[in-house]
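Once you scroll down, you'll see the structures, which are given as structure tokens.
Two complexes come next, and they have one chain in common, subunit A, joined by subunit B in the first and subunit C in the second.
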Partner chain A sequence: MLGGVFHAAVLFLAAAGLQLVFGVQKILNLACGSFYALGAYFGVSLVTWALGAGAPPSLFLGILILSGVLLAAIGPPVERLLRTIYDRDESFQLLLTFALVLMFEDVIRFFWGTAPHQLGSVYLIYGQLKVGALTIPVYNLVVIAAGATIAAAVGWLLTRTRFGRLVRAAAENPRMAEALGIDLPRLYSRVFTLGVALGTVGGALVIPATAAMNEMGIELIVEAFAVVVIGGLGSMRGAFAGALIVGVLKAVAIAIYPELEMLGIYVIVIAVLVLRPAGLFARAAA
Partner chain B sequence: MIGRGALGLALLAVALVPFAGRAYYATLMLPFFGYGLALLGLNLLFGYTGLLSFGHALFLALGAYTAAYLTSAFGMVHFEAILVSAAAVAAVVAVPTGLLCVRYVKIYFGMLTLAFGMLFYSFLFKFYALTGGDEGMRVLRPKLLGRGFDFLDKVEFLTGPYYFYALALLVLGTVVMWRIVRSPFGLCLRAIRENPDKAAAVGVSARCYRLAAFVIAGVFGGVGGALLAVPTGLADPLLAYWTHSGNLVFMLLLGGFANFFGPILGAFVFIFLQDQVMSLTQYWRFIFGALLAIVVICFPRGLMGLFDSEGASAAPSDIHRQRGPHGPLRIPSQRGPHGPLRTSPVDTPAKPAHEPLPSRARPAGTRPRPLIEARDVVKLYGDVVALDGVSLAVREGEFVSIIGPNGAGKTTLVNVLSGLGKPSSGRVTFKGVDVAGIGPVRLVRLGLARSFQLVNIFPGLTVAETLAVTVVSRLGRGRRLLASLARDAEVRAQVGDVAALFGFADRLSCLAGTLPQGDKKLLDVAGAFALHPDVILLDEPTSGVSTRDKHAIMEVLVAAAKRIAIKAIIQVEHDMDIVFGYSDRIVALHGGRLLADGTPAEIRADTHVVTTVLGKRPA
Partner chain C sequence: MATTRRTFLRLLGGASGALAARLDVPPAFAQTGPVKIGVLAAKAGVTAPVGESGLRGTQFAVDRINAAGGILGRRIELVVEEESNPKDTVERFRKLGLQSRVDVITGVVSTGVGLAIGPVAEELKTLWLAWDATTQKGVEETMPKPRYSFRSVDNEAEAVMASILTAKHLKGKIKTVAGINNDYSYGRDNWAAFLAIMKKLEMGVTPVVDLWPKLGETNFTSHVAALGQARPDLIFCSFWSADAPILMKQAHAAGLTATTKFVMTTAGGVHESLKKAFTPEGMILGYNSMYFEAPNASPLLREFVRWHQERFKEWPNYESDHAYFTLAAYRAAVEKAARAAGGKWPSTDQIIEALEGIEVESLSGKRSYRADHVMECSFFQGLSTHRNKHDFVTIDPVEVMSTRQIQKPSGTGLYEWINSWKA
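Let's turn to the complex of A and B:
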């Protein structure tokens, strides 16, 4: 159950990145999973390097988040590439991000090979909590807290700050926003980078608990899609609720009837689409 | 247009591959046949209907697993039976999934299809006992046309009889698809791609046609999947994985979705390129990703786009093409002294003389039953009251103008009357049937058509095609999947009639999107007339047209209405010359309420209307 919430926290980060970019740029970024995978691999490498260089192991959480943020530097160039097709049909945008998926998959293969990468012992460094018969790694709680904090921070950023107002204006009507003097290219570049950062940090945070694998990117996309569809496209609250539903459901399914792990999620996705086509937290009808 | 010679040569070359010596290339060609078939279907969905599926691999997997089940579990080895079953299974799955998916378009459609593909994938992957899990299921060698070819070894079988069998299937599939895209059905699909709302306004239901296209695409995918599974001898779950769907779309784009043969070329190039690049480097995905990015950014029309820039094949606009000597991009700029309607069959009199519409059986003195009637209609948009208890009845033979200042609720009233908007309360009846909010498609069937205030056309269809869509819709030809539209004399004659009435006769092969603004609106109006409705609603048919041209257009409209025997016209109009020159009755709206309803003379005498709506007394 708590494992589900842990997974939900990570999933939320990736899905939030997807939602943010979709909400503003109207691009459904298939490559969000690739950013997540890149974040994971880069996190492993950076932590391993830092520990080798003598950094205290207890700092590794900070290093992971730092690695995610550093990696977000790939955001602007990727956004620059996507910019060439903003005025095209959505199908082309989807395909270009699919091209990115293919390329990033081999980039990872090139730098890190095909073997899974693990972080080893740092996972339990913060100790474990015993609640009754359960043993919970404190790290999981830390990540859940981090996920919640980031969710709150993004919410604050979008609703309370000047930057957030500009972003929401641009999402509502980009041409009008531009006519009012908003530097749209710069704004898009920043939003996209923020979206990338959410994905890479999510990938980095998950890594102490599992291993970085080649397939993790393309597998995450499917889950992130489920989250987004359940929650409603473009809605942050939806991403939050959707991630919780998917994460917990997955954990429950694994415990009870493993065959239904993903199947159950898709059944929910389709049920949501039939009963509430716009998602649970949709803003306007799609 | 690709010459028939080139096509024949390509076919010959493909047929000769098995004799070229190396079996390797022949085996490499085998997946091409399966993918080619699947992509023909996918392109019906994307290129013609405008729906991008990211889960089409589902149907390939269905076909492959059908083949596996029949051969391994049931011992059914007749390939014909396998193919028919694969098609049937694909269709059975495509109907419910399609029903859900086609409620959405664009990105949402892509995501939903992806979800369905992955649903099937996880089913295949997890239910080991049923599907063999990640190991997949074996597909045994089938019998072709009842013959087992047991004397041939596997490679000989695949590069011999099976090769030609698959090639024949691809050719057959190509011919069938060729007919589908050139049928009235295919035209309706393209109309929906261009403008689904406008298609609905002429009676073409986007949902039904999209569903049909989805099922056809699924069947092609299923057959393609079965064809694909025999050479590999295996049906495995990765066939349904979403990246496989992505690759299918990649092939489609590589070849060029705007061209009928693009998908086939794309499949061919993709397979051979993949073979070559994979032998060079293990990082073939990177190369392919970069290639896809380049194609998307620089060559969105794909390889075929490099060959023919005119994109003739995805726009099978053969109707009337032979008639017009001008290219499709000729914009008629030289307007005659009588406005844009040079070839108008109506002589434009200097002063428009008003004549009432023909009303059949209208005994003097009795008032006929209302054709269309609104009673106490209220329409709210949130807190805004757009219509506040409007009642209106229009009878046979009437020409009614709705006037009022901006924001008076004129367009809202037209929308409610034409079934686009559901009134918040009140009743709308047409010929005695309650039509409140039933949608334009059914209203068109009942005999009510409309045109729009803002330009509403199919930009990528020619004038002839635009009119043909309406004629096809009215004649109920849209269900004809395999009939040739170009050879349909009735459709062609009626398109010719309407075009002549509205002065489009010499511009039939112009793309609607390239017409001047006023002509775009006139084309919209012409489409509404081509439906031969009993009642026509015109929302500012002459806005955006110079005052001089307005009368000419109105003359054409009135003449066309007589010719087609339209029983009543309701129009929204700002130009008071037009309003008073043509109307039998004028309805004035203000602030969502009915201000006045009477003959032009009564309205002119109504000081309240004159001050609020007209501003000043008209001369």
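Let's turn to the complex of A and C:
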């Protein structure tokens, strides 16, 4: 069960990036998976370099988050490229963002090669927690807490700040927002960068428990889409609930009837599409 | 001079005439320039590291052969194309055969791709020496008697060897077993072979849980939790990519490696990622058909390991050896057939005859092709140890078994063969 929540936390971050960008810019960004993969590789490199330069190992969590935030600097140029197709048909958006996925795969291959990369020994630095017969790595709890914190922070940002009001206004009616003096290109650039950061931080956070491999981005896109369909496209609360449903359902299936591991998720997806096509939280846009 | 319609038509006629003439020329002209060898290597996805390893073995072989004067005096020229999905890879195979006019094609690691290429190799009469791509079911059903394809070792040979070693080291010590294998033919076949052998060797073990994560999964926390709940004495796993270290890391973090024995049939393919920090000692660990620190390593293997380490800062794995062998075997077969043909460059049919039963020195030792076009070689497995100079585990003692012992003989099915073993 906790394994499922751990998975859900990571899934949420990636799906939240997807939702935010779709909610505001109406772009279905397949490249969110690439940001996740890039975050993982960059996290490995930065932590390895920092530890090699003498940073205390217990600081690695901070370094990982920092690496995710730093990497979000690729957000503005990518957004500048996507700006050319805001008014086009969705199929153009899918094609262009999928092209980005393929290009980022090559970028990763160019810089990091094809072999998997990992952080050997930092996973258990924060220790293990024993609950009865169960042993839980504390780091898993840290990731869950980080996921929840980031969810709360993004929620606060969108509903309680001036920036959030502008974002919601732009999502609701971009023409009117622009007429009222909102600098739309600048806002889009910032929103997109925030979306990138959610993905890169997610990738960086998960890396101590796993290994970075090139196709991890594509794997995640598939699951993130299941999350988005269940939760409702463009909704943050939907991303949160969808990630929890997918993560926990997967864990329960593995524990009870492993053959259902993949199928279970898609049964729910189909059920949502048939019974509530707009998703569970369709109304609460962004 | 302005080109009139008439001169244009004449030009066109001349060009097409020249083209037709060229197509009429028998491939004799190809026997003086370099030997063109097509290579199909994966560059993206889960199989990318495997494809990369095969390419490294290929490069090493080509450098050596060319430095020694090539094959019958002809230098080797590589034409590398990508192995991706079956449909596209078949197109590239055709392109290599028809357009690049290569003499032979090597490569391919995915069984799905291999099954699609098999019939095309027959159709084009293009010689194909596969690196891998040989899980049981498909190969038995769709490639029963190939002429132009030469296949690799059975993919299940490592599960067979690991199962025999499980019996050797753990008979009477384990009662319950669990499996975690990828949800496709290779994973399914390995688990089935393991259970069949446990039964045949009267191990008296009960399977308590079998998990089937998809290929490419990077999070096993839920699987590890399920394994922890089932509390098996032994976990059998045929992971061969980045999922192997991820599973070990997460199993270790959940305390599973302290209480449960592990069998990792093929994780030696990513041996450098099995860090001591989370990989236990005493685990049965398989390296497929080449072990980089074999105690009786030949000068050739030592040279390759040194070359590989200097060039890539990594220790090599088995796919390099599959690839090296296909080229070494091709060269030996051409030379053998040429001797029989009075020194002339042999025809494809003559090369095929020479390849059947040929034995050459490969990186891992002597390797050969059976008369039914299946490879014979040695497999390397053993118990993992932390006593080495690396930050990852190696094996000690190193056990070596020939495919004559762990691969089904020609003409039988895998399970039919296992059930025919004498206890």
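Assume the second predicted complex is superposed on the first by the 283 of 286 C-alpha atoms of A that agree within 3 Å, B and C clash if a C-alpha of one lies under 4 Å from a C-alpha of the other, contacts with A are read in each partner's own complex, and residues count from 1 in each chain.
Criterion: a residue touches a chain if its C-beta (ideal position, glycine included) is under 8 Å from a C-beta of that chain, and two chains touch if they have at least 3 such contacts.
This is a predicted model, so every value here is computed, not measured.
Of the two partner chains placed around the shared chain by superposition, neither subunit B nor subunit C is touched by A:59. In the superposed pair of complexes, A:10 makes contact with subunit C only, with no contact to subunit B.
Shared-chain residue A:250: touches subunit C; no touch with subunit B. Looking at the shared chain after the overlay, A:268 reaches neither subunit B nor subunit C.
Looking at the shared chain after the overlay, A:214 reaches subunit C, while subunit B stays out of its contact range. In the superposition on chain A, A:105 makes contact with both subunit B and subunit C. Shared contact residues of subunit A, touching subunit B in one structure and subunit C in the other: 105, 109, 258-259, 261-262.
For subunit B in complex with subunit A, the touching residues are 46, 52, 54, 100, 103-104, 106-108, 110-112, 114-116, 118-119, 122-123, 126-127, 242-243, 246, 249-250, 253, 282-286, 288-293, 296-297, 300. On the subunit A side of its complex with subunit B, the touching residues are 28, 30, 81, 84-85, 88, 90-92, 94-96, 98-107, 109-110, 218, 221-222, 225-226, 228-229, 233, 258-263, 266-267, 269-270, 273-274, 277, 286. Of all the residues in subunit C, the ones that touch subunit A in their complex are 43-46, 48-49, 51-52, 183, 209-214, 216-219, 221-226, 228-229, 241-242, 245-246, 249-250, 252-255, 270, 272-273, 275, 277-278, 314, 391. Those residues of subunit A that touch subunit C in the complex are listed here as 1-4, 6-7, 10, 105, 109, 113-116, 118, 120-121, 123-124, 128, 130, 133-137, 139-140, 206, 209-216, 219, 250-251, 254-255, 258-259, 261-262.
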